[in-house]
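Sending over a structure as structure tokens; questions will come in a sec.
All chains are identified by letter, namely A, B and C, in their written order; residue positions are counted from 1 within each chain.
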Amino acid sequence: MRLTLPSLLKSASTAALLCVTPTVVLAAGDVSFVQAVEPPGLDPTVSSPVAAGQVVWQNLFEGLVTIDAAGEIQPQLASAWEISEDGLTYTFTLVPDVSFHNGQAFSAETAKFTLERILSEDSTNGQKALYTVIDSVEAPDAATLVLHLSAASSDLLYWLGFPAAVMIEPTSVETNATDPVGTGPFKLDEWRKGDRVIMSAFDGYWGETPALDTVTARFIADPQAQVAALKSGQVNIVAELAAPELFGQFVEDDTFVAHVGSGEMEVVAGMNNTRPPFDNAKVRQALMMSIDRNLLIEAVKSGYGTPIGTHFSPASPYYEDLTGLYPYDPEAAKALLAEAGYPDGFEFTFKVPTRTYAQRSAEIMQAFFAQIGVTATIASSDFPAAWVQEVFKDTDYDMTIIGHAEPLDIGIYARDPYYFNYTSDAFDAAMADVAAAATPEARAAGYKAAEEVVAKDLPALFLYSEPKLGVWDAGLTGVWENGPVPSNDMTDVAWAD
Amino acid sequence: MKRLPLSLVLGGLITGALVAAALISRFWTPHDPVGMDILNRLKAPGDVGLLGTDQIGRDVFSILMAGAWTSLGIAFAATLIGGTIGTLVGVTAAARGGWLERLVMSVNGVLFAFPPILSAILLGALMGPGAVTSITAIGLFMIPVFARVTRGAALQIWSRDYIQAARMAGKGQALITLEHVIPNISAQIIVQLAIQTGLGILTEAGLSFLGMGVSPPTPSWGRMLSEAQTFLSSAPHLVLAPGCAIALAVLGLNLLGDGLRDLTDPKRGSGA
Amino acid sequence: MPPLKKFSRQIAGLVLLLAVTSLVIFLAIEAAPGDPAQIMLGTNAQADTVAALRAELGLDRPLMVRYLAWLGGVFTGDLGTSYTYGTPVAELIGERLRVTLPLTAMATLLAVAISLPLGVWAAQRPNGPVDTLASVFSQFGIAVPNFWIGLLLILGLALGLGWFPTGGFPGWGAGWLAVQALILPAVALALPQAAVLTRVTRAAVIEVTNEDFVRTARAKGLTRNRALWRHTVPNALLPVVTMLGLQIPFLISGAVLVENVFTLPGIGTLAYSALSQRDLIVVQNVVLLFAIVVMVVNVIVDALYVLLDPRLRGRA
């Protein structure tokens, strides 16, 4: 018996379909993009910034510097900067005559306010830790901003380009969450909660006027519904299609561009590095060798994904392919396990957040572990609430699995405390080299060393990097293909012809 | 001999078949319900196995069989627990009367008013997802149902002449409840057990659908549906099969309940 | 007046019970693992930032102080502010009700529109063909999960025929598109309700048909049809209305699941996401709302009783 209900119905009623399909024809200068998660507020400088940044970063808000589609730092509200030789003083020259959407002028004072707000004691900026290296901020004149650092930090400029450090207008602080005021090329028109955010071109924009008149962010959680909205023309861009199973249909379709971009999300199975038997590196290495990452990607992501051997994805400029270090080899894994003192394997609890990719990956890993005699019992952990508490805060777990979406976040393995309970002097030294790096080469070398340390130590099993499966109308140009920053930057997007 | 009601026969057959499938799945299924075959994923029914394969290449028919054990087991355990407590509460309230009865019935009213899926999610947040959580949550919302039904039925028995006679004979409330009330309302309790187990299966499916049910890889019909959502157009059999299984199980238990009612209380012929 | 006294006693009892229920829920969520501040800030935030946010949200105050503050606020009409959204809860609930109320109303109307005629028709000839059909319908309707019906409707009518959107809600500003977005969820929600109501209607009509006053009316020369619509149906409505009231918690349960399937921004999805974010204030108020809805519906059902039952009207 073959069930072909949809195709049957389809062929029987093409005529009916043509009359009633809900199509929304957008005006020439309008673009709608989809994202799965609606942010609770639109201010990326407070609380959880990922979903907020995806709506407002570059569209509504801008920073001193920005990150471009290639992941490179570019000037924005600061036209130029100078870094002192010891790396402790940053002097920014700001763009003149920039005004916020509410008419207030942007100046060094505003920038000082923004940064000091991030650093203040009662700051609720979730990324505060990235900026605490800034010791003090000075605004000698309206066009000059000086940062004094407590230690050299070669990553700081990169972090200043992030959604969490966009420039804020002091009088709008209280209302930015619902009525954001930035310096971006678009301003907020309306936020229909649970559905969409509508933005339109800002007349007083300081930079080059964008091609689009309006930009709409639509919040559709279900991938099936995202695809339907895309096909019916209600939306034009799906930057990250959550269900790879649905991606294939667009590859053959000329009316859409289907691009497998590289994203920043690394899916890793973190282990409690102080809890036996996971405190033994050989055990962790054996577990790594028991997993066929390609097969895992095939099953979980329909093959869209890149196996990783360390904590950087191909989207990162410092990416190294270290998957060859502990390749799939169940026999060698068994031998290593025996060497570590577990010839008959062991049992543990696999705490898995209630997310589709995590649950599916865990089921497959469970089968791989069983091949080398290791029994994993899956315990679902309600995500985010219970998982954050049990795994992240209390580190009461054996093994878990989660995607890390922040770019350049290998530093988490140096954090103490962090949920891996991992400590390594070699790693800390490598990260110190990165921070103190005076040249791009030195910085790259530092990161490379750090990547190699965790690739060998395996505080977490490195599984795969999520691709950024983007689908958009073939008539559009200027859509970001890769995702160095989780965002929907619409400033360069235009309709061709 | 009286002719058996059609609903009883049908309900008995369906329920019997599902219980058999659940029991057999403990020893044998056509394929391993947790054994994956990634290269043979998302195969249509007939191509691979009787009902095709799921997103990681497991045999759908085998998961359905094993899922019957999970769904029926959880629903039945929950109903048994909720039914026992609810019945005790109901007959006690009927026997004692007074403030106790009023209190029990108003607490009942509040519990009854609470949307069952929400209390289950709340409990899931408290205890974490899993079989114990599902059983507790479903059992909890069964208590007021059973309390209400058994109290009503017990009150009727209490008004009968022979109870008055037993009272005169000096028998206590507890003894009368045990000797006369419970045996006389047992038919109603059994009918409720069947129907509520059906409702329990529906609630368990809903909970698993929301990700609050048993953890993978334990097969569950509700989770199968939840996972199948993204394959709706490419592999509709993954949505159709578990849904049919749930519907069939609930249908069977409802028919069984109706049939039992018709059998034990022919006056209240329900038919519909 | 005794009836008024009884009524006010009932209300006082209910308020007390609501307070106890809300306390139980408050304590349960408090005991559940998860810190709303940490959840909001994500995994990059450090302890001092989490502490700052906790202070800002007032989470650093003792448990009972927070509970009493909320309770006091409810009595003065201030429902508090959502942790995650930072907006007043009343506003948030109001927004979501604009989806859920029309959805449940549509579903209820649809359920009544199907079940009333079907039930009455089926009762005309018990065990006849229409009755058999109605009984098959209600048996199946009760047995199928509403979220599965939702999935099947998406499969057939949205993905297959393209007549409806597969999910989401464009906002009432979109006019017809908004109505269209609610049709499939309403159908999914209505079918199980219709099944239950068909059963009740049929049984009630059969019971009333056999009562003396209907027989008398027929004996007085009323046609079968007039007797049916004038005497039988109005009297049979009582148990139907009661059942409608009793089904409200299940309707809400159904809405949680159906809104989830169709990704509708309704009160069900709000309750679900607020619970998983541990947004205590939102959960509390939504639960309170549900309890009040159930209470109000019970009062309305009681009032309808008096209105519909001539015997009770005589007594009042």
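The rule we apply is simple: contacts are C-beta pairs under 8 Å (C-beta built on N, C-alpha and C of every residue); 3 or more make two chains touch, one makes a residue touch a chain.
Keep in mind the model is a prediction, meaning the values are calculated, not measured.
With centres computed as the average of Cα coordinates, no chain lies farther from chain B than A. Annotation: B-C is the more contact-rich of the chain pairs A-B and B-C, by number of C-beta pairs in contact. Our note on geometry: chain A versus chain C, Cα centroid distance of 39 Å, whole angstroms.
The distance from the centre of chain A to the centre of chain B, with each centre set as the mean of the Cα atoms, comes to 43 Å. Centre to centre, using the average C-alpha position, chain B and chain C are separated by 22 Å. Annotation for chain A: residues 5-6, 222, 224, 382, 385-386 touch two or more other chains. Counting only residues that touch two or more partner chains, chain C has 32-34, 154-155, 159, 276, 278.
Multi-chain contact residues of chain B (touching two or more other chains) are listed as 125, 128, 229, 232-233, 236, 240. On chain B, the positions that touch chain A within their shared complex are 34-36, 38, 41-42, 44-46, 55-57, 124-125, 128-130, 211-212, 215-217, 227, 229-234, 236-237, 240.
Every residue of chain A that touches chain C in the complex is listed here, in rising order: 5-10, 13, 16-17, 20-22, 24, 40-41, 47-50, 121-130, 177-178, 192-196, 218, 220-222, 224-225, 228-229, 232, 382-386, 388-390, 392-393, 404, 406, 409. Residues 32-35, 38-46, 48-49, 52-53, 55-56, 82, 84-87, 92, 95-96, 99, 154-156, 158-171, 173, 177, 180, 263, 265, 276-278 of chain C are the ones that touch chain A when the two sit in their complex.
Partner chain B is touched in their complex by these residues of chain C: 13, 17-18, 21, 25, 28-29, 31-34, 122, 126-127, 131, 134-135, 138-140, 142-145, 147-148, 151-152, 154-155, 159, 198-199, 202-203, 248-250, 252-253, 256-257, 260-261, 271-272, 275-276, 278, 283, 287, 290-291, 294-295. Contact residues on chain A toward chain B in their complex (touch as defined above): 1-3, 5-6, 222-224, 243, 245-246, 295, 298-299, 352, 354, 356, 359-360, 362-364, 366-367, 378-382, 385-386.
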